[in-house]
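Since the structure comes first, as C-alpha cells, the remarks are kept for the end.
Which chain is which? They are A, B and C, in the order written, and residues in each are numbered from 1.
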Amino acid sequence: MTTKRTEERIGPEEQAEARIKAPKQQRSKAAKEQSSKGAGAKEHSATDRAGRKGPSGEKGKSEPREHSLIVTRGLTKRYGRITAVDGVGLEVREGDRYGLLGPNGSGKTTLVRMLLGLVFATRGEIEVLGRPVPSRVREVLPQIGAMVEGPGAYGHLSGRTNLKLFDAAGPGGGRRDRMRRVDAALERVGLAGVDRRPVRAYSLGMRQRLGLAGALLRKPRLLVLDEPTNGLDPRGIREVRDLLTELNAEGTTVLLSSHLLGEINAFCTRVGVMDRGRLVLQDDLAGLRRPTGRVLVSTPAPERAVALLDGRVETRDGTTIGVRHADAAALNSELVAAGIPVTEITVERRSLEQVVLDVTSTSSDRVDA
Amino acid sequence: MITVELAKLFRRPRTYVITGLLCALPFIVAVFLATTRVPPPPGQGGAFLSAVLSNGALYPAAAMALVMPVFLPVSVAVLAGDAVAGEATAGTLRYLLVRPVGRTRLLVAKLVSLVVFVLFAIVAVLVTAYVTGLALFGSEPSAGVALPADVTSLSGVTITPAGLALRMAGTVAYIVISMLSVAAIALFLSTVTDSGLGAAMGALAVLVTSQVLATLDAAAAVRPYLPTRYWLAWIDFFRDPVLWRDIERGAGIQLVYLGALLLAAWAAFVTRDVAN
Amino acid sequence: MGARGTVVSSQARRRWLVVLVAVVLLGSVPVLLALRPAGAGTMDPGTLRARMAGSGGQAFHGYAQSNGLLPVPALPGLSDVTSLVSGVTEMRTWYASAERWRVDVVRGAGETDLYQVGDAQVVWESAAGQLTRIVGAQPVRLPRGADLTPPVLGARLLALATEEAPGAGDRFEVLRGKRVAGIDAVGLRIVPATVGTTVAYVDVWAEPGTGLPLQVEITARGGSRPVFVTRFLEVDLSAPEDSVLTPPVPGPGVGSVVTDTSDLLAAANRLGRGWLPERLGGFERQDTPVAAAGVYGTGLARFVVARLPGGAGNRAYEQVRTFGTPAGDDAAVLPTGLLTVGAVRAGRGVYLIAGLVEPAVIERVARELS
C-alpha cells in the first residue's frame, strides 16, 4: 500500500502537487542509481543517443553488468528492404520499470518479439537474464511473463480453461496446484469472479486482464508487456498500473511498451524512446525531468515582478514568468519582501513530452509531399 | 503439450461438427439405398455398395469407400491447415511459444492430435455405418445364431466376425496412415502462411493434382510416387488372401511424404518470425 | 559470427540443407533400386527356348501387370476383352500345375477370379456376387485376363513362333539380361519372318533356371516401343498353398450357376449358326471346324474370325465403323498398329475379325466374307 501511495504522488493528476513537492523518493532513488552505476551508465545512454552513427553496443563497454536483465547490442531487424529495428542497444536492469515509448510502427513490438525469441534478428546480439536469445531462450522464458501485442486466447473456451491450457502447455508446475495458480492469477488481475463464459464474449478490457493473468501465472522475474492497457477504461488503467507497481515492489522487473506518453510518465523509472526503428533515447526518467534552472512564478502583478528581477526573467507567459534562480524558496521570500503577491511558485522541470519531441523527428504517421 | 493439443481438439465444437458431417454422408446414402433398393450397377459406384443391400454388416467398409476419396482428406486438410496458421491468427501461437513450448514439440503435438482426430472420425463413421447398415439392410444370419453376421470377401470367401474385425482394424490403420501425407502437406503450408484457409487450399490443390495425374496415362511414370496413388488400397484387406503389395507401398509412400514434409515444416517453422 | 546465438539465419539455411539432403536421399532410393545393374546372365538361344517351352510344370505365384497401349474402343459386350489390350490389367496368379491354378483379375473395388480345378473352371465375379462353374470343353472362347500372365502369354507366343518347322524363318536372338520382380532374368527376342503380321518382334524374359517367362513385350512393326507389356511385379517360384486354389463355395451372399458356355463367343458357337470357309485372305484355317469361329494363318500372322449373333454383332459393327475406316458398304477395318479389328455385316449376323495381321489382310478377308 505504501508503494501505491508513492506512485499516486507522481500520477498525472497530481502533477501540480508534485511540482512543488519534488518527489523525494524519486529523487533519492535516482541519485542512488546514478552513484551506483557511475559515469559508465551516462556514457552508455549518451552513446544510445548517438546510436545513429553505429551500433551502440560496441561503444557500450561490452559485458553486461550483473544486474542487467536485458541487454541488446546493435540489434537490427529487416523485413526485406524495410528496417523495422535498427541498431538498438537496449538495457533493462533488475528492478527497473522500463518504459519503451514510441509511436505505432516505430519498432517497439518487433523489438519486444525479438527479446522473446518470436522474431529473429538480422544482426546484433540479445541477452536476456544472462542468456543469449534466441539460442537459449527456452532457459529464460520460464522466468518471463509476457503479453505481446494484445491478448491471445481460444475464443470458444472460458478464461479459466485458457489459462489452464497455457499453463499445462509449458514446462514446470504440477498439475496439482495448477488450479490454485490460475485462480490466484485471475484474482490478481480482477477476474476472480469470472464464470464459464467463453472468451469470445469478453470485452476487450477483460481479455486484456486475462492476458495479464496469463503473464503472471508463473510469478515471473521479468514482465514484458506490450501495450497492456489497450482497451481498458481509466479505472482499469489505474488498476493495472497499481498492480504492476505492486509487482515491481515485490521484485519483478517490468518492461512496458506503450505509445502513450502519459502512461510511461506515470509508471516508469527508466525510459527508452523508439523512433523509426532506432532507440533515440534511453535514460532514467528522473534524470530526464531534471530542473531546467528556472523557477516559474505566477503573480497578478507580473510587471512589478519583472522590474524587480530585472535581467533574470527568461520567459513570460501572461501572468507567469520564468526566472533563472537556483532556489525557489529564496526567490519567494525576495518577491514577498518586495510586496509582490505570488499565487504559485514552481521549480520548472523538463517535461517528458518536450524531451521526446526533441529527440524524435516528424510524426511517424505523417505523410508529407 | 500433446495432452493440451488433445484437450483443444476435443473441446472444440468444430471437431464434432466435422465428424458429424462425415457420419452423415454414409447415413444419407444408406437411407436412399434402403428406400429405393436400387443398387449401383456391378463394377460401378462406390466399393461394396452393391453388396451392402444383401448384407448390412459390410456397410462400414462401403462407408469408408464413400468418405475416403474426398470428404475425409478435405476435413484433414482444413484442420491441419488451421493447426499452426489458426493459432497464429488467433494470437495464441506467440503465447504458446513464450510459455515456452518448443517449436518442434508443437509441430509433433499438432500432428499427433490430427492423427487422433482421423482415428476418432473414422471410428465414429464405422460405428454409425455399422448401426445404420444393420438397421436398414439387416444382416444375413450365419448358420445358427443370427448375430453377428458373416460377410463375404471380394474373393467370395466368407469372413468370420473375428476376421472382419481384424480387417476393419487394418483398414482403419491404413486410412489413418493415408491421411498422414495430407496432414503433413497442410501442416507444412500452415507453418509458412498465416492463413489456415490458404494452407488447406494448398494441400487440397496438391491432392487434386495428384488425383488427376493418377488417372492420366501420360503421367504413368510418376504415378507410383503420387500421394493418393494407393489411397484405396485398403480395399485389398477384403480380398482373399489379403493383397499386401499396394498396402505396403501405400504405407511406405505416406511415411516418406510425412517424413519429408515434417522435416520441411520443421525447417520452415523453427526460425520463422512469429509476427502479424 | 559475433552474434553469440542471436542471428539464426545460418542455422535456417543449414536446416533447409538437411531437408534437401533427406528428400534427395528418400527420392533416390527407388531410382537407385531401379538402376541396380542386372546380372549379365546370358544363354544360348536354343537352350533358353527349350527351357521356356518346358516351364509349364513350374509352380509359382505372384502379382503381374499387363499394359496395352492399343487404341481399341470398347466393343459392346466385348469390353472385357478390349480393355485387356487397351489398358492396365492387374493379376494375381497362383499356379500349381496345368490342372490346378487360379488367376484373379484385380480391379479397384472388385475382382474376377478364375479357378482351374481339374477339368472344370470356376469363375467368381465379385461385382455380381456370382460363382459360375463352367463344365465341358471350350473349343472357342474369348481372351480373358488369365491369358495375359507372363508365363501363359510367353508360352503361347513361343509356341506360335515355333510351331512351324525350324527354318521357317523366325529368328531368335538373345537379349541383355533384365531385372524382373527382383530376379535377374535372361531375355529372348523372337523376330517373326511370316508375311502379313504386324508383329515386329516379341521379347520374353525368363527366370534362367526354370525358363519361366517373367516379362513379355510385343513391339509392332514401325514402332520403337512395345505396345503391349506384361510382367511380374512380384513372383515366387514355390508352390501356392492349397487353400488358395480352392474356389469358394456357394452360400449366403454367393450365388451360383453352372454353364457350359463361358462367354458370348462360346454361346454363339453353341448355337451352331454360321459357316466359315477353309481359306480366308490367303490363309489356311487352322483349327478343327467349329461353327461360329475360326483361326486362320500361321505363326504370329494369324487372325480369328467369329460370327456374332444379331444384336451384339450389330453394335460391335457400329463401333468398328465409327472408330475405324470403312472397307466397302458392309465392312469396316480398325487398325491399331498391332492388333487389327474388322467387322463385316453379312445376312443377319456380323463377322468380327481380329488378329495380329496387317489391315490389308483383314480388308481382303472382309471382302471375301461380305
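The rule is short, and it goes like this: contacts are C-beta pairs under 8 Å (C-beta built on N, C-alpha and C of every residue); 3 or more make two chains touch, one makes a residue touch a chain.
Please read these numbers as outputs of a predicted model, since none were measured by experiment.
Participant: Tell me which of A-C and A-B has more C-beta pairs in contact.
Facilitator: A-B
Participant: Quick check on this structure: which chain has its C-alpha centroid closest to the centroid of all protein C-alpha atoms?
Facilitator: B
Participant: Measuring from the mean C-alpha position of subunit B to the mean C-alpha position of subunit C, what distance in angstrom results?
Facilitator: Taking the mean C-alpha position of each chain, the two centres sit 36 Å apart.
Participant: Taking the mean of the C-alpha atoms as each chain's centre, how many Å separate subunit A from subunit C?
Facilitator: Their C-alpha centroids are separated by 83 Å.
Participant: Between subunit A and subunit B, tell me the centre distance in angstrom, where each centre is the average of that chain's C-alpha atoms.
Facilitator: Chain centroid spacing, subunit A to subunit B, equals 53 Å.
Participant: By residue number and range, which residues of subunit A touch two or more other chains?
Facilitator: Correct list: 120.
Participant: Any chance you could list the residues of subunit C touching two or more other chains?
Facilitator: Correct list: 8-9.
Participant: Where in subunit B do residues touch at least two different other chains?
Facilitator: Only 271 qualify.
Participant: Would you tell me which residues of subunit B are touching subunit A in their complex?
Facilitator: 1, 3-4, 7-8, 11-13, 90-102, 271, 273-276
Participant: For the complex, give me every residue of subunit A touching subunit C.
Facilitator: On the subunit A side, the touching residues are 75, 120-127, 132-136.
Participant: For the complex, which residues does subunit B have touching subunit C?
Facilitator: The contact residues of subunit B facing subunit C are 42-43, 46-48, 50-51, 54-55, 65, 140-142, 150-152, 154-158, 224-225, 232, 235, 239, 241, 243, 245, 256, 259-260, 263-264, 266-267, 270-271.
Participant: Taking the touch rule as given, give the residues of subunit C at its contact with subunit B in the complex, in rising order.
Facilitator: 8-9, 11-12, 15-16, 18-19, 22-23, 26, 30, 63, 92, 104, 106-111, 113, 124-129, 131, 233-234, 244, 247-248, 251-254
Participant: Which residues of subunit C touch subunit A once you look at their complex with the stated criterion?
Facilitator: Subunit C residues touching subunit A: 2-9.
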